[in-house]
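Okay, structure first, notes after.
Per-chain residue numbering starts at 1, and chain names A, B, C, D and E are given in the order in which the chains are listed.
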Amino acid sequence: MNEAASGEGRAQEFEKALEGSYSSVARFEGYDRTPVEKLQHFLHSSPAAVPLIVLIASLVVFALVIGGRFFSPFSLTLILQQVAIVGIIGAAQTLVILTAGIDLSVGAIMVLSSVVMGQFTFRYGLPAPVAILCGFAVGAACGFLNGWLVARLRLPPFIVTLGTWQIILAANFLYSANETIRAQDIEANAPLLQWFGNNIRIGNAVFTYGVIAMVVLVLVLWYVLNHTAWGRHVYAVGDDPEAAKLSGVNVNRMLLSVYTLAGLICALAGWALIGRLGSVSPTSGQFANIESITAVVIGGISLFGGRGSILGMLFGALIVGVFSLALRLIGTDPQWTYLLIGVLIIGAVTVDQWIRKVAG
Amino acid sequence: QEVGACLITKTDTNPFFVKMKEGAVAKAKELGVNLKTYAGKIDGDSESQVAAIESCIADGAKGILITASDTAGIVPSVKQARDAGILVIALDTPLEPADAADATFATDNLLAGELVGKWAAATLGDKAKDAKIAFLNLTPSQPTVDVLRDQGFMKGFGIDTKDINRIGDEDDPRIVGHDVTNGNEEGGRKAMENLLQKDPSINVVHTINEPAAAGAYEALKAVGMEKNVLIVSIDGGCPGVKNVEAGVIGATSQQYPLLMASLGIEAIKKFADTGEKPQATEGKDFVDTGVALVTAKPAEGVDSIDVQKGLELCWG
Amino acid sequence: MQREPILTARGLVKRYGRVTALDSADFDLYPGEILAVIGDNGAGKSSLIKALSGAMTPDEGEIRLEGKPVSFRSPMEAREAGIETVYQNLALSPALSIADNMFLGREIRRQGPLGRWLRMLDRPAMEKRARDMLSELGLMTIQNIGQAVETLSGGQRQGVAVARAAAFGSRVVIMDEPTAALGVKESRRVLELILDVKKRGLPIVLISHNMPHVFEVADRIHIHRLGRRLTVIDPKDYTMSDAVAFMTGAKTPPEAAVAA
Amino acid sequence: MNEAASGEGRAQEFEKALEGSYSSVARFEGYDRTPVEKLQHFLHSSPAAVPLIVLIASLVVFALVIGGRFFSPFSLTLILQQVAIVGIIGAAQTLVILTAGIDLSVGAIMVLSSVVMGQFTFRYGLPAPVAILCGFAVGAACGFLNGWLVARLRLPPFIVTLGTWQIILAANFLYSANETIRAQDIEANAPLLQWFGNNIRIGNAVFTYGVIAMVVLVLVLWYVLNHTAWGRHVYAVGDDPEAAKLSGVNVNRMLLSVYTLAGLICALAGWALIGRLGSVSPTSGQFANIESITAVVIGGISLFGGRGSILGMLFGALIVGVFSLALRLIGTDPQWTYLLIGVLIIGAVTVDQWIRKVAG
Amino acid sequence: MQREPILTARGLVKRYGRVTALDSADFDLYPGEILAVIGDNGAGKSSLIKALSGAMTPDEGEIRLEGKPVSFRSPMEAREAGIETVYQNLALSPALSIADNMFLGREIRRQGPLGRWLRMLDRPAMEKRARDMLSELGLMTIQNIGQAVETLSGGQRQGVAVARAAAFGSRVVIMDEPTAALGVKESRRVLELILDVKKRGLPIVLISHNMPHVFEVADRIHIHRLGRRLTVIDPKDYTMSDAVAFMTGAKTPPEAAVAA
């Protein structure tokens, strides 16, 4: 029993040698950084900085090249209008992508919600506010379905939403019978549906309610993501779901709430879409998923989840808007716009990857 | 000061729009109009067209020429442009309602459909009463061109169209079915294959345009049926007329996109100079740019021009 | 030692596909003690701990905390009941800050309407408390409590995980191989932490493959084998060789030990 | 120095106790399995079995419901024709997805290659074989670009190909000036371009060369993936790139070769596309990326890489083809097909997830 | 001991962003010896090993194998030169079979045209050799050499990784903490394996935090500290306490030891 006895004394013999060693568990190195490293570090700690810089730079360049036709209150607020729907959908996409998911069904949910708002008013004669509520309910239900499949059945979000995208879009066409509800009819009978098309003018600047909704939505979500427990949990789930679960985050409930909220936001986009188009058209929103993902990516949000700022998404959407309008005003073939957006996407992640090296 | 103008087409891949654009660009150069051109990503992409209209407003354009993808959905944007004092002319495809634009320069699409319908009926003669007809249409949202041509064909062929503003409410047993093609070859082939499966005895095919007709022909050829089926189409582009000559297409209603484009540019120039808006053709709610049936096998009682003439007038 | 166990389990069963990880396992932890759990790789130690801490729901069996049956459906519920766990893989979110990680799932909200209505977090308060906890445990070489966990070294991360458990555990602290990847010095530091926690009166469950460490700090040793508790021994009565022999099946423990 | 001395003897004291223990490093349990578990296990070890079963089941059901119009040599080979392009593109997509990537640019590469084949013949008057080679070169170059960005710059494949998709498609439109080359002109001057449109008839069954190309391609790749070192490395890279690298696989070179080969296969699809359409049309292939991903997913190949069989992809593509045609024949609105495909996608991964539990 | 080192490194430097993992590190391995490498967490041991085995390219410095300068651009090249490594994280592909894993990157092709022209793998040959290797090392409790590695327990996986290195290493075998996550029994088995390999005449580099193990098997001990070799000691001349004191900076090694 001599062995047990020696075990009973404190540490093993050789561990006594530790007494003279540094007492910290580990150390930090704080050497002088080169300017490049400082820049990397700054950009790393402010994830929305890169897209903001790109946005400002492109505004400046195009203002110089094109002049007043571009750099006018009218044109600049027009960009906001053109970006509003993508910005709202992008907010939904951001939430989902922060949880390391992806939502290909956002556009479909948006259109279905707007169709429900329209058809419930015109086909069944419900009062507009009730029809709008029904639209929101449908959006939330679609989002909930996505969330349920992802959280409960643990299916990959890409595949789930690839499936629900087709299902929801098909349901939309079947239900709407492809009928466009004309703007004139809406204006006459249910102007509330077009509410987001109203605007506030300040001189030549035109701010539609849709634009204001987008900005307010993004700011509110920014607050929620950064200053509430729910928001921190969104990041934690995307960062490492297993760790989040073990740390006491109810991952399933978080995923359900994130996808459902995303569905609700898509419904909001659907309402705003009626305001923008005037009419209810079941064929719109075909590219909303790709466009929102593009905004998120250019905005520097990681597709692997857990990193990035929703403000970045807004800047990303605006960058695309600025390029599109400016190139149109310059009069280049629209294909050049797509080409440039492709280059921007790849450029954005390249920079992002470069910045991320600092974390190593 | 230079006059600014915009041309917004459904796509920039359909040869019809490619030519329309070329014609407009040439005319604009001649008249000293500064023209910018835009297009949707695919036929049916209305949002890109909305964005294009807005850019034109921002750009201070005097006039907009548009071939609308979603003829009802685009109306509010058009109104916005007109409110900004811009002359908006619908080319090729009327808006819903047609007077949402200041003017429409287009083929009489109902007539275009009627012509090919009549020709098909006349060519079949007695067999027309047991014909099996496939309709290769455009997009699910039933834009005006699609409805006018589809229903026009029925009218010409002698089918009860029921509601003439709606495709698909007919109950004539000769109709095998309708399918959409997005107005391109790939869609044409797939739609034709699908309808052939539904009923392999199809012997008449109405196609929305010539790219769709080309796709349909490939599908028929693949199953060795190209000889037994009458394909009719609308467009009259040079490739299409050559296809008429080659017997691929039985007859096609020729449209004149270059005319639409040049008339459109002229109208904008005139509007910019004098503030005068174009007047519709007598008895119609649009400016008719004309249509002619091109066929190598003229049929009794249907006016047509021959391939030679068609080739002289064709575009693209 | 008081004879009323604080945490007990009876007949826990857990199957994963073809593997039975827990095969009717029992468990008892008494107040104020350090209970070591040892066993071969794959014996089911981590599974047992996951069942006790709500990270996994056993297929069968019963768990009691202070005599009352409990059934935790998530780690959150176990924590609310005062059971804190340091998992084998640490369970920290790399991109979140140290403070965010320490308070994940139990964030402090602002006082007043900002907190009540806008649910705003009280960052300064959390950062202050996190700093206090780390210094209390002698871990305050970290300059910036707001830095992301991914920028910490392995040892520092381990420190954060242990500090979190030690600070919030009000009834039981469980540690699954807290020193497996650590060096001699870092391991020593963690062992001292464990003894500190014990001094504060909290019982600790320690899983480890390191026999000298186990025999150094444990009051009792739970030997796990083939998914169940083989026996519990007192390190004062048995040698390391005995423990290893029991654990690997080289020797059969005497009946008496099982009742220990 | 007594401690060092004791360390010098063999094991630590307590380790001697091991002598009587089992000598194996670890054991395996081999208990009787329930039928459900046996099924799970069988399906787990043969990843193409589920899609094959679904395919056969759907053939049987539709044959019973629709009868001869569907279950005829003619109809069945028509399905093959409709699936040929997606099947070829799907083979490229499979390679990329097996490496845990994804390629959104497949359709764009296909169209650009076919346009190059056509334009080089007609615009520059090159002999058709040379133009076709140029088309392949362009396809390979596009694939190489993707591979370079993924392997060298370590950018996420989803983002890289989201960018190159737009870039290649825009380049295609700009280069082709959107001109369609007419089938009759090709037939007269360069019939080789339409070669894949030729067919072999056996009774009513029509096998186009395009169909044969698809089947041969899939079989060859199946062989390569399973019976050559390169193929095993594709799986290893997708399974765990870090482990593959440390085990001696040149991960960068593998990624480069996979994406380049995928580009080449897309060019083959471009050639086959000319055979199918007769003409060269720069607008075709818009949905090839989604359709190929759908085939891969229904085929039971994991989007996380490293798992699945290319035969599964082929069955997946055929399932979609069978459903599309059968529902048409039944006369349902085409939207029902999309809806059902959405359901199929989600069903496929649900089954997959259930099977995968066995690995736990 | 023969005085001509088989593998040497001089002045290796590697920086990761803000961290200097290797700070002008030296290294010497002599034929037939077991060289242990010890050091604190984050001292740079794994980085050193990665540089030697081609898994990472150092920013500066020179590596020589049998006196000839080498610069491995990938683990493949190091393997071809006869250096086999068991990495800290094992480096096995979970979905591939045991045989596939063992031969990954050095597959055997069929004889004749099937192999030459169709590059067909010789599965039976590889499976047979894999089985032989595992049994030779006493690891043949695995029934099915074709089963996926992910279905193996941690201990079995470790066995596969070690067997692969031992079987293919013709000049040097390197093992980075091969027993960190292993139980007492499993660790013992791996130590025996290491001694087996040594008996076959191959030199071995062993990284470990387990002092008793290190002192048991090592012929010489390389002590790594702050990214560089602090000293090399003979376990017969120093105690574990000395080693720990050097490694953690509690004591400074005598000049003489550095030259060892």
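Heads up, the rule we're going with is that contacts are C-beta pairs under 8 Å (C-beta built on N, C-alpha and C of every residue); 3 or more make two chains touch, one makes a residue touch a chain.
Note that the coordinates shown come from a computational prediction; the quantities given were computed from them, not determined experimentally.
Touching subunit A and subunit E at once are the following chains: C, D.
Between the chain pairs B-D and A-C, more C-beta pairs are in contact across A-C. Distance between Cα centroids is largest for the pairing of subunit C with B. Centroids of subunit D and subunit E (each the mean of its C-alpha atoms) stand 38 Å apart. We define each chain's centre as the mean of its Cα atoms; on that basis subunit A and subunit D are separated by 30 Å. The centroid of the Cα atoms in subunit C and the matching centroid in subunit D are 46 Å apart.
Contact with two or more other chains is made by residues 41-42, 153-155, 184-186, 211, 239-241, 244, 248 of subunit C. Subunit A has residues 3, 12-15, 18, 21, 26, 173, 333, 335, 359 in contact with two or more other chains. Across the assembly, subunit B contributes 12, 42 as residues in contact with two or more other chains. By the contact rule set out at the top, the touching chain pairs are A-B, A-C, A-D, A-E, B-D, C-D, C-E, D-E.
Of all the residues in subunit D, the ones that touch subunit B in their complex are 69-70, 74-75, 78, 81-82, 173, 177-180, 182-185, 197, 199, 206, 208, 276-279, 281-286, 324-325, 328-329, 331, 334. Chain contact summary for the complex, subunit A toward subunit E: residues 12-22, 26, 29, 31, 33, 37, 357-360.
The part of subunit C that touches subunit A in the complex is made up of residues 55, 74-76, 79, 85, 87, 89-96, 100-101, 104-107, 109, 118-121, 123, 138-139, 141-143, 148, 150-156, 158-159, 184-186, 188-189, 191, 211-212, 215-216, 235-236, 238-241. If you check the complex, the residues on subunit B that touch subunit D are 11-15, 18, 42, 177, 179-180, 184-186, 189-190, 193-194, 197-198, 211, 214-215, 217-218, 221-223, 239, 242-243, 246, 248.
Residues of subunit C that touch subunit E in their complex: 39-43, 153-155, 177, 180-187, 209, 211, 244, 247-248.
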